[in-house]
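Note that chain A is present in both complexes that follow, paired respectively with chain B and with chain C.
Now for the complex of A and B:
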C-alpha cells in the first residue's frame, strides 16, 4: 500500500488552512456578541484534551489512518460500520463547505450564475488535488499559508482605522449561557473538525510528531480566527456581526483609506477560496480513503473522481437556501458532529489504550 | 448546463474508466460505476428541476427530537 507521509510543518499548515476554511467567511461565535474573543479562547482550551486524544490514537498506531485503526481495534464488521459513519461525516462536511463557497460566490459576486458553475470549478480543482495526494496538498499549503497570513494581517491592519474599542465592552454581558452555547458551536465548528485528520494522516515513527501537528496547527488557526473575529467585532459591532451572513466580507468592504485604498474585499474571497479548497480536499480525501479501506480497492485515488462528482451534486441539494444553511451550521451542526468529534474518538482511544497495555503486559510476561 | 455537466462526466470516463478496463480492475470499476452513475442521475434530475430531498433534513429532525428546539 502507498504510505503517504508528510512532514510536521506541512501537516500543520494543512490543518491551519483547514481550520480557516469556511470559518473566515461565515464567522464564528457571534451569538455571544462582544464576548466572541472569550468564546474562541475557551473553545480552544476545551478542544485541547481532544486534540491530545486524536494525536495519541495516531501515535499508538503509526503508519495507520483512523479507518485502519478502527478495523484493527473493533474487527472487520464493527470497524466497517464505524468507518461508514466517518465516511458519511467527511462527505457531508465537504458538501456543506462547498455549499458555503457557492452561496458566498452567488451572493457577493455572481447572483445570476447557475449554482452548479462555481461548484463545478471548485470541485474539479479539489478532485485534481486529491488525486495528486496529501504530499502535493501539504507542499501547496505550506507555500500558500504564508501568503494568506500576510493578506489577513494587512487587511486587519487597514481595518483598524474603523475599529471602535467600545464594541468589545462590557465584557461577559451576553451571559454565561450564551457564552457556553457559542463555545460549544466554536468547539465543533471548526476546532474539533480536525478529527478528520486522523483519517488522512499516517504517522511515520521517525519523521512525525502527531502532538506537534495537532497542537501547532490548531493554535495557529485559533490565533488567525481570533484576530479576524475581533476585527469583525471592532469594526462592525456585535449587532451587525450577528445580522449579516458573511461578517468578514462586510467588515472589509468598509475599508477606505484616503478615498484611494478601497474595494479590497476580493482579498477575503482569495483567502476563502484557498482555505476552502484545502478543507474540501481533505474532506474528499477522507471519504475516498474510507471507501477504499471499506471495500479493499487497493488505492483511494482511483475513485476520487466519482466521489468528487457525487459530492459536487450533493452540494446542490444539501440546503434549499442560505437561511437553511445558516440555521444548520449554527443550530444543528454542533449536535450532529458531537458523536464524530467526541464520543467515537474517546471510545477509540480507550480501546487503543487497553490494547496497548495488553500488548505491553504480554511482551513483559 | 446539461451539456456542460455531461462533458465533465464524459471527460472522467475517458481519463479514469478506460485505464481501469485496460488493467482489468473489475472491482474498482464496479464501485466507480455505481458512484458515477448515481452522481450522473442526480445531476440529470437536478438539471430537470427535480427537488431532491436533502440528507441533512432527517438529521436536523433527529437532533431536534433529542435536544429539543435548536433555533
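Now for the complex of A and C:
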C-alpha cells in the first residue's frame, strides 16, 4: 500500500477542490460581462481534449508520475530539464495561490496583521498535509468536498432573493473577441491547471481510470464554478462584478433574509480556506516530487519542509500589492501558463504515443 | 521515555493553542464607536460629516442611546479619522445603515462621497443612500425618534416599509452602483425631509432625487415616485385613489395594490424608438367613501376603466417630465432597448442622450379588482 495510489473518487474530489481553490474567490471570466456563463462552458469544452491528453499520458505509463515519464521518454538529461520547468510552474502557482489567500485575508478581515502571519499558518498546515501524502489529502478532500458543496449550494439558494435575471441579458453582447479572450483566461485559470495532477497522481493498473478522474473532477468543478459565477452576475450585475477584487465575497455580503440571516460572508472564507489549502498542497507536493526526481533523493517527504518554507517566503515578495496580483492573474498568467498546460503536454503525449507504438511493434515482431 | 515524549507533545499543543489562537486585529466592543448612520454636508470647500453613534450602556435593561458627532475634512476618510479627536475611539462602520447626502453636494457629484463607502471593507454594500431635501443633511439626524431608539435604524425600517406605500424605495448601495454604471439608465435615490408638526418635528422619507450621471438634477414627489416604481416594475404595494361621480355625488375610492407586473417593450422603426409599457395590477377594492354602489357589475367596469385611465395618464405625464424637464432616462428605456434589441442599441448608444427626449411611449394599464374585501355592498344608510 506504500505506492501512493488513491481511488478514483478521492482523486476526483481532490481535483474539484483544486479547481475551486482561488477561482471561487477571485472570480473568473467577468471581463466578458454578462456572458460569463457562456465563457465558462466554452472553456470547459476547450479543455476537454487536453484533459484527454493528460489522462492518456498517465494511462500509458501506469505507476509513474509525469517526472518519471519525462525521464523514461527523453532520457535522464532532457527529462530532468523538462522536470525543472514543471517544478517551477508548480512552485510559482503555489506561491500565487498562497498570495491570493493572504491578500483576501488582509483586505477583508485583518488589515493590520502582517502578511507573513496568515501565510505561515496556511503554509505549516500545507507542509504537514503534503508530508502525510496524497492518501491523506484524498480522504480529506472526499469528506470536505461534500461539506463545501452543501455550503455553496445553500448560500447560492439564499442569494436568489437578490438575483435579477435581467443582469444576464442581452446574450453575447460583449462580442466574439471579448468572449474568446475571456475563454482563454478561464481555460488557463483554473481549468488547465489540472495539468499538475499528472505530476502527483500515479495510476494503479487495476484500480484507477485516469479518464474518469480528469473528466469527473473537472466536470464537477466546472459546475460549481459556473453556479457561483452566475450567482455573482445575477446579484451584482456585470459592471460591479468587474469592479471588485472578490466578487463572491461581495455577492454574499448582500444576503439579508429578514434581518436575521445576514453577514454570512464567513462561508466564502471557509470554502476558500479549505479548497485553497488543497490547491497549495497539490502545488507543493508536485514541486517536491519533481525535486525528488531531479536529484534522485529516493523520497519527496524529506524536502517538503524546506520547499514549503521557500514557498512561503516567495509568496511574500512575488507581488508588491493586489493591483499587481490581479493584473498578473488576468492579463499575463494565461500566456505564462500556456507552455506548461498545452505545448509541453502535447509534446509529451506525441512522444509517448510513438514510443507505445514502437513497443507494440517490437513485441509483435 | 515514552511518557516524557507524550508530555512534551501535549505541552507543544498547549503552547500553540495559547500563542496562536488570539486575533491580531483584536478589537473589544467597548473600544469601538459603532456608527449607525452618516450625514454629509458641504462647508465651504470642505465636507462636514456627521455620524450617529450608538452607545450601549450596561444596566438593568439594555439601554441604547445615540449621539451625534461632526467632523470636517477634505475627503471622507479624513473626516472619519478626525473624529478620533473628540471620541477617542475609532469609528466602526459595519453597522452603518444609512448615508444621507445634502443636495448641495449631490448636485456637484456624489462619487466623492460614496467611493469610501464602496471601497472600504468595513462598510457594507447594503448601506441605504438618501438625499436630503433640507438645507443640510445633518438636521435630519436631529429629529425625534418615533418607534425605536436609533434614528438611522428607524429610517432604514421606513425604507423597508415603503413597499406598502410606494412613495420611496430601498436603494442599497450596490443597486445604486449598478444603475450608475449601467448604460441606458440613470439612477434615482429616495429623499428625506423634515416634517414639522406643532412643536415637534420628524424625519420623513418620501419622493426621489433624479440623477444624470452622478449629479443630482431634480426631484420627484412621492406620487411621481410611485409612478416611477410602476414603470420600473418595482411596485409591491400602495394605494390608488380616484374620485368617481355618479347620481349620488362624488365618491372617493381606494384600491389597495396586491401585486403588479410591468412589461416594457421597445420598438424601432429605423429612426425613432417607441416604448410600450404594459402594467397588470391586482388590487382590492378597499374603501368606498360614499353610498354609490360601485361593486355592481357595470359600475365596477366603469370604476376599473377610470382607474386604468388615471394610471395611464400619470405614467405618460411622468415620462414627459423626465424627457423635457430632466432629460434623464430614469426608467431604463435605454437598457430595455439594449436587452431586447442589442444590435439597435450598439448603433444608437452614442446618441441616446438626445434620442431619449423623443422616445414615444404607448401605455396600456390593466387593473384587476380581485375582491372588495369582506363587504359585498356599500354601507347602507337608512332614513
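Throughout what follows, the second predicted complex is superposed on the first by the 363 of 365 C-alpha atoms of A that agree within 3 Å, B and C clash if a C-alpha of one lies under 4 Å from a C-alpha of the other, contacts with A are read in each partner's own complex, and residues count from 1 in each chain.
Throughout what follows, a residue touches a chain if its C-beta (ideal position, glycine included) is under 8 Å from a C-beta of that chain, and two chains touch if they have at least 3 such contacts.
The model shown is predicted, which means the values in this text are computed figures rather than measured ones.
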Chain C versus chain B on the shared chain A, clash or fit after superposition: fit
First, second, both or neither for A:108, with chain B first and chain C second: second
Which superposed partner A:274 touches (first chain B, second chain C, both, neither): neither
Chain B versus chain C as contact partner of A:18, first or second or both or neither: neither
Touched chain A residues, chain B compared with chain C: B
Contacts of A:50 with chain B and chain C, given as first, second, both or neither: neither
Computed vertex angle (chain A) for partners chain B and chain C, CA, steps of 10°: 110
Contacts of A:297 with chain B and chain C, given as first, second, both or neither: first
First (chain B), second (chain C), both or neither touched by A:307: first
Smallest separation in angstrom, by C-alpha atoms, between chain B and chain C in the superposition: 11
Doubly contacted chain A residues - partners chain C and chain B: 114, 117
Interfacial residue positions of chain A with respect to chain B in the complex: 92, 96, 114, 116-117, 120, 124, 291, 295-298, 302-303, 305-307, 309-310, 312-314, 316-320, 324, 327-328, 331-332, 335-336
Chain C residues within the chain A interface of the complex: 20, 23-25, 121, 124-126, 172, 174, 177-178, 181-182, 335, 338-340, 342
Touch list for chain B against partner chain A, complex: 1, 4-5, 8-9, 12, 15-16, 20, 25, 27-28, 31-32, 35-36, 38-40, 42-43, 46, 51-56, 59-60, 63-64, 66-67, 70-71
Complex contacts: residues of chain A adjacent to chain C: 107-114, 117, 121, 166, 169-170, 173, 236-237, 239-240, 243, 250, 253-254, 256
